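Below are two complexes that have subunit A in common, paired first with subunit B and then with subunit C.
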Partner chain A sequence: MDNSFLLSLITFSPLLAILILLLVPKSQITIIKQLGILGTILPLILATMLFVSFDYHQIGMQFYEHASWIQIPLSLMADNQTYYLNIDYEMGVDGISMPLVFMTSIIATLAAVASWNIKKRTKEYFILFHLLLIGMFGVFTAQNLLLFFLFFELTLVPMYFLIGIWGYVDREKAANRFLIYNGIGSAIMLLGFIAMLFVSSLVSPEPTISIWRLVEALTTPGNAFVTNVPESFKFGLFMAFVIAFGIKLPIFPFHSWMLKVHVQAPPAIVMIHSGILLKMGAYGLLRMGIGFFPDVAQKMAVGMAILGLINILYGATLAFVQRDLKMVLAYSSISHMGVILLGFAAMNLFGFQGAMFQVISHGFISALMFFLIGVIWERTGTSQIDELGGLAKSMPFVSGVFLAGGMASLGLPGMSGFISEFFAFLGLFGSHPVLAAIGALGLIVTAVYVLRAIMAATFGPTPTKYQQLADAQPMEVIPIVVLLGFIILIGIYPAMLSNPLQETLKTLVIQVTGIGG
Partner chain B sequence: MDTMMQYAWLVPLFPLIAFAIILSFGRQLKEGAAYISILFTGASLLLSLLTFWERFKDGAQDYVFSMTWLKVGDYVIPAGFEINQLNAMMLVIVTTVSLLVQIYSRGYMHGDSRFPVFYQYLALFTFAMLGLVISPNLLQVYIFWELVGACSFLLVGYYFFKPQAKAAAKKAFIVTRIGDVGLFIAICLLFWQTGSFAFEDIFTAVENGKVEPAIITLSAILIFVGAAGKSGQFPLHTWLPDAMEGPTPVSALIHAATMVAAGVYLVAASFPLFIASPEALNVVAYVGGFTAIFAATIGITQRDIKRVLAYSTVSQLGFMMMALGVAGAAGYVAGTFHLMTHAFFKALLFLAAGSVIHAVHTQDVFQMGGLSKRMPITSFVFLIGCLAIAGVPPFSGFWSKEEILAAIFSQGRFDLLIIAMLAAFCTAFYMFRLYYLTFKGEATTEATKKAHESPSTMTLPMLILAVLAIIAGFINLPNNPILGNWLMSGTVGQYIMERYTEEAGHGGVWLQVTAVVISLLGIGLAYLMYGKKSVSSDIISEQVPWLYRLSYRKYYIDEIYDVVFVRSFRGLGHLLSLFDRYVVGGIGFLVGWTARAIGGVNSRLQTGQLQMFGLVVLMGLVILVVSLTTLGGVPYGQ
Partner chain C sequence: MGVKDIFAYDWTYLMPEITILGFATILSIMDMIAGKRLNRTILGWFALVGIAIATYFVLDNVATLQEPYSYLFDTMRVDSFGNAFKLLFLTGVAFAILLSISYIKESDEVKHTGEFYYLLLTGLLGAMVMASSADLITLFVGLEILSLSSYILVGMRKKNLASNESAFKYVVTGSIATAITLFGISYLYGFSGTTNLYEMTQRLAEAYHNGFGFMILIGFAFMIVGLTFKISAIPNHMWAPDVYQGAATPVTAFLAVVSKSAGFALIIRVVILSFAGLFNPETQMSMFMDLLWYVSIIAALSMIIGNTMALRQTNIKRLMAYSGIAQAGYLLVPLVIFTQSFIFEQTIFFLSAYLLAAFGTFAIIMVVTRDRKTEDLKAFAGLYHRAPLAAVAMTLFLLSLAGIPISAGFFGKFYIFLGAIGNGSFWLVGIMLATSVISYYYYFGIIRQMYMRPGETEAALKLPAGVLVVVIVAALGTFVLGILPEILINYIHDFFNPYFNLGDML
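Here is the complex of A and B:
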């Protein structure tokens, strides 16, 4: 098959489900749910094709699509010639974004399955769900700043409603907090993009907002970008991206919005939120922050490592004292995102690889954990640690997987979490050993809070009211097995992920260490 | 070259297959799961013996197999296995004890509702432990190191519904993880110094002076921190006695014979690194020595039969560390030799204790007594175990302990020698205290009176271990150190021989005599107090009650840790929690409030919010276009 439109197909394939869903009457709840799940199968198949046909020996963008889109004439040129700013429709993936697209398609399908429990306004729910999906695919495939921005915003709007309408008691507050923080993040990002364009048109006769062109321009020695743009300006832009994507990741102290989302949003949406949406922050940071300004990033490495340490230790310490499982996992996410920052801060191949593994690994792990919390909630009506206990007796399968997920999260070898932590730390030990050693304390604290939370829920005597709980149903077993399967597969055979990452990360390392070093 | 050793990877693989089978079909297999696991572990034992024999007979080169697991840039991270002297011996120890424990468990766990799960965990543990042993590089060691820890965690918490088991499992995992982080850091540091995880490469780099001396010391100490966590060395010993909450066969296999010895094994396996740093060796020796005497003094007052054995294990592991720490060829051999004999006699003691617990349903030795008549086999093998650990000739423990004393003596470490002798005295005392309280005297409870001998699935493995506890020492007699010579012929042995040129001296007959006298003194005192009862056993607790309490309450270490680490950390957590809610959250609230004030919308979910949001986006786009048409095209490059 011709793969030349594959990325567009993946990105817009959820539209098909939306169109069909629009035609189905509201009352046909079961059909809507089935369609909602089926609708995610198409992108899943296409993304699998992408994964399989991706050539991991090739450097640079693959499956590149390019079409003229917007042309803006630029008037005030010095030599009186008419130049145009071409904002093209550009899609492409490299080793960083391809795995993210693949992971998104998997988690999306599983989250759709987890949405089976949605009890109201099913039709709207699934339409928004698929809109969100388009946004997520788009963010990872878009190859120019405008397109990226539009897709990025496209994820916010459906999320706002998904949290605000289908969430738990305090959902509206959570939705508002979500929108305000992310709105601010977007505004800063937009300003950054504008500034990029501004700079681009200052130094080049053919201004561009194509991501890869910008990267090329910014990292080629002797290029006007490199020579003419003052350091302070680059620094400012870099910081703007750190903040914009830092809110998304989130970096301390920008995290309070995501706690609310984790607690209030329905489990399926949290799977997506924690599994994929947070990763857009990491992706943006790597692609634009470090990708555009490798020399600045190199200079800011220590700062980034310290931010990472704060995230790791602060998140882990707070996770230890939480009473709600969801809050434990929310703070756990903050802590685990710190590992990504540490990996970035290492500024070497091991660190970058660890960070990218963490992006993927945490995606699967947190999707699994939130799915399980949803399963437990369905039966017990609570996620409060004090009210749970002894679930291993009546729900051995769910409890066993819950523990396995916890082990993955605390970095047990044989599971994906280990690979990511190991490489992130190994990388940082190569560049900042003292900071890395401090961060390694996080490994202990992580074990402490993970075991505390999980064992409180599943170990101990079983209260009478939980004696008769049903273990996982077939519909629930599928997502559990798939997610755990990927967690273990990556843990045992990390090459499946490191192979596609290699060339892209190598290029990045050369850029980071090559200029200004 | 066709060699048995190239199939050694099958040794860990067999139990893994058993694990997979029981995981998939546990419900159908029920108690048949035991046979699957026993069968596959038996195959592993057979293969281990063949491998060992080939390695032993030929004294062949180390066999190393390696393939690419992962490539990171120019670095190849390999996976593979290695067969050398030390781990060929370990393979046999692990498979032997594992097989015997699994046969035993068939009787011990009979009727348990989660029987297949138990065997599933046992099989997984056996796989991981064997995997650890044949790992050729530190990364792989670490991977299996963590896996055995996780299996230990699962098995300690096997009775998940018991709050004590839950707490013990958690503690075991976390305390050992503290040590693991040390190992983790050491691996990273060594990697950046040597560019490799492989033992071989690291040793070569150290030998060639490519590693900074400070890093050698630091990483060796950090590796020892990891080893201390696993092997229950002070101050990371607290988890091991609590781990006795697991089923007793687990205590025998994991917390006596194999996993807890992994720390000792790791130090021995990376010995060339340690001997390059006298400081690191000193740390090993003194921590080991302190642990040996420290745990022994706790062991003399405990009432729980398994806890006495647990403290004994901690103490004996301290002996092994001490031997490795004083180093020299003699220290290396003595440490690993004691690892082997201890594996057999301590597994035996635990299985016998399990047999008693199985019969009387209590672990309090003061509720036992007089069991030698009702449980003659158990009583007999327990006595053998006691004689072996107390160091009475010709039982195995005598030879290995004497070897340790000789090693310490030959290095002129008289401070450690005194510590070792004191600890040996305590060991003999508390073991025979245990023996007399359990098996001699009169039955104190109804359950004890009704006790009867365990079934043959349980007694048979005990008898085999008893034989091993008697004869295992003969492999390394002072005048014919077969094991020692063989170990020294290997690669690691070569490194040691190069550094310690002097002949490994023996203390002579007087040292052996002294060792025996000390043991007999300990046994004699125990006899007088608990056998003949001519000396009041309450003499210490009445005369110096604080001393007794100090020992009985394990020097209050748990309480100290609770205050210093657990509570203070929780306090910090709550403090940060307030900070997070009111300061960080407050900023969020302020932002939200400002946005609302500007946007003029209330907190209800309304499209107003979104409209405002859209406005921001639109404004941005307008700025974008305006900036393009006005600013865009300013002469470039000027």
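Here is the complex of A and C:
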């Protein structure tokens, strides 16, 4: 089969669901829900095809698509000459983005299943849900900065509605905070992107904002890009990307919006948010921050490691004192995002691999955990640890998986969390042993808070009101089994993920050490 | 100069203005002689016909005119700069008339409907004159035609106290602004002895070389401060909220878009034509750049004050007024960064995006506020359930105003950013980005009302035909320009730019 349009097909396949949903009357709730779930199957199939036909051994972009899109006349320099800025429609995946696309399609389908519990305005919900999907696929496949930005923003508006309409009591505040924080992030990102264009116009007769062209130009030693652009400018741009994507990730001082979203958004949306949207930050940081400026990143490695440490320890400590399961998981996410930063900071193959493993692994783990919290909330109407307890008796399956998810989260060998943390710390011990040692402390705290929360919620005496609770329904078992399956699969067969990552990350490491070292 | 010489000119290039003048005259006569029984809506449709004909003539000029055509020492000047603005004005007034037809039909406040239509046309005529003259006298006449028409239009709701108040305020503050402008112009005339902008640029340069730089600055400062009135920028912005609130909504939209665009046409032409030559080759000092520095302060303050003041508004039209102040700030940025001929593309593209978004927004505001009988933001509560498509369109317009993709407004801002960063004006871009993010808050405040708050009623809200046309055209335009902005950018670049570059103008 001809795969030349596969990425566009994946990205825009949710449009089909949107169009069909528009035609279904509002009152047909069951049909709408079925269509909403079915709509995510199409991208899932396409993404599986992508996963299967991806060539592990090829370096660089695959499934590359290219079409001319916008041509803007522009004079960027003071010499009054007109340039035509070509902004092309460019899509492509490499070892970093392909697994993310695949993961997105899986979590999207499961989140759609989890959306079965949505009670009001289902039609709008699923339309926005699929719009969000387009944005997420687009972010991971776009190979042009402007296209990337458009898709990035396309996730913003549907998310605002999904949080603000279908969230819990304090939903509007959460939606607002989400909007403003991410708006600031996007603004800084846009500034950085345009500055990239400006830089490229300074050194080349054909200014470009094509991602791979920029990477190529910026990492070729002796290239005009590398020699002509002042260090301070590069440093400023790198910092701009760190802040822009740091808000999304989130990095420590910019995290407060994400807590609100985790608590207030409906469980299915938190699955997507925690599972995929946060990863857009990690992806952007790796692709733009480190990808464009490997030499600056190399110099800033210690700073990044320290930010990572703060995230790990801050998240873990605060997760320990939370009373709400959602807050525990939200802080736990912050802590786990720190591991990604540590992996990046290691600046070697192990570190990058650990970070990317963490991106994928945390995507599945947090999706699983938030799905379970949704299941528990459906039955008990609370996620407060104090009010829960003894669920293991009435809901053995859910509690069991909850424990398994917790184990994966704290890095039990044989599960995906172990591999990622192992690699990330292995990498960091190679380059910054002291920082790595401090970071390892965080792992201990993680074990403590995970166990505390899970024990308190599932063990102990069962309150009478929870004795009659039903265990997971078949509809709920599917996502649980699939997610847990992937967590264990990555844990015991990491090659599934490391194979595609290998070549791309090797190239990146050469760039990082080749110029910086 | 004899009468003969006047007839020697090829007057066909002035057909757009002549058409509008003719239609305005005929409309006013028709209004006078027709009996009370005549449904004045016909006058509205008739005015639209006039606009269509004038648009045809402008397009014809665009296609046939290879270089600027000048009448009577540039007192009227048909060039691509003016033509592009005229197309904007014509579209804007056509929208305004469409809205007015629906407005008047169901209004119990506005009785004298004939006036409504021909005053919009005379306002349009004033705007067109402002866009196509290179002589301060004619420019000023155009400005006054526009101003006088809008003073009356604002006071059209005769029985409404707020409308009367706003009309009075508009006249008083407008007159003060005019006086300030004239005072500034008098200085410039004093130094140059001419009102022709092309001659003025040389004389002012001479005066500058002779050490009168400071006096030129005074003239410039007074003139520009006076002119900020029309574009509702700092420091002459305080009228906007009151007037926007008091005026009938179609008139508000007219002020927000057409009147503002005309102000920009005037400012850009005057500033660039008469001041760009203030350059001292010996010291390599350019006074022009200093003058632009003052304008950039106006731009920055407009963005900051407009966007922050809008946060506290509960009245939708006052909110739009502050939003308009902020938009004026954004629009001054291309002029300030002065990236050669791209001022033109950037301004026209942004204005087009703004025209579509603002008219779309005001169209829906008009329907909603009239239905709920309040201009409070709460009037929008539950709009999504009452008129889903209107709410979706409104969302698109608001996204465009906020500059969020996928909308024309995003590309308008993006294009300005490109120029500004290319010129190294990071601080202006920084302010523009930061205030844009602030603006998310109040634009999404409206969206929040529409989608997330329960309304007092669930009754379906129908859009009248005229409003519907405006909303559909504006929504389609906003969306298409958001995905394929090059359609418009390249059209502007290819068809208008060849004879608007500074070399020819100077």
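Here is the rule we use: the second predicted complex is superposed on the first by the 506 of 517 C-alpha atoms of A that agree within 3 Å, B and C clash if a C-alpha of one lies under 4 Å from a C-alpha of the other, contacts with A are read in each partner's own complex, and residues count from 1 in each chain.
Rule of thumb we're sticking to: contacts are C-beta pairs under 8 Å (C-beta built on N, C-alpha and C of every residue); 3 or more make two chains touch, one makes a residue touch a chain.
Only a predicted model underlies this, so the values are computations on that prediction, with no experimental measurement involved.
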item	value
Which of subunit B and subunit C A:I59 touches, first, second, both or neither	neither
First, second, both or neither for A:L19, with subunit B first and subunit C second	neither
Winner by number of subunit A residues touched, once subunit B and subunit C are compared	B
Contacts of A:F459 with subunit B and subunit C, given as first, second, both or neither	first
Touched partner set for A:A224, first subunit B, second subunit C, both or neither	first
First, second, both or neither for A:Q71, with subunit B first and subunit C second	second
First (subunit B), second (subunit C), both or neither touched by A:L154	second
Intersection of the subunit A residues that touch subunit B with those that touch subunit C	72-78, 85, 146, 153, 156-157, 160, 164-165, 171-172, 175-176, 179-180, 183-184, 187, 190-191, 194, 197-198, 201
In the complex with subunit A, residue positions of subunit B that touch it	69-73, 139, 142-144, 146-147, 150, 157, 160-161, 163, 165-166, 169-170, 173-174, 177-178, 180-181, 184-185, 188-189, 191-192, 569-570, 572-574, 576-577, 580, 584-585, 587-588, 591-592, 595, 603-605, 609-610, 612-613, 616-617, 620, 623-625, 627-637
Subunit A residues within the subunit B interface of the complex	72-78, 83, 85, 146, 153, 156-157, 160, 164-165, 171-173, 175-177, 179-181, 183-184, 186-187, 190-191, 193-194, 197-198, 201-205, 207, 224, 228, 252-253, 255-257, 314, 317-318, 320-322, 349-350, 353, 390, 392-393, 407, 412-414, 418, 422-423, 425-426, 429-430, 433, 436-437, 440-441, 443-444, 447-448, 451-452, 455, 458-462, 494-495, 498, 502, 506, 509
Of all residues in subunit A, those that touch subunit C in their complex	70-78, 80, 85, 146, 149-150, 153-154, 156-157, 160-161, 164-165, 171-172, 175-176, 179-180, 183-184, 187-188, 190-191, 194-195, 197-198, 201
Partner subunit A, residues of subunit C touching it in the complex	339-342, 345, 399, 404-406, 410, 414-415, 417-419, 421-423, 426, 429-430, 433-434, 436-437, 440-441, 444, 447-448, 451-452, 484-486, 489-490, 493
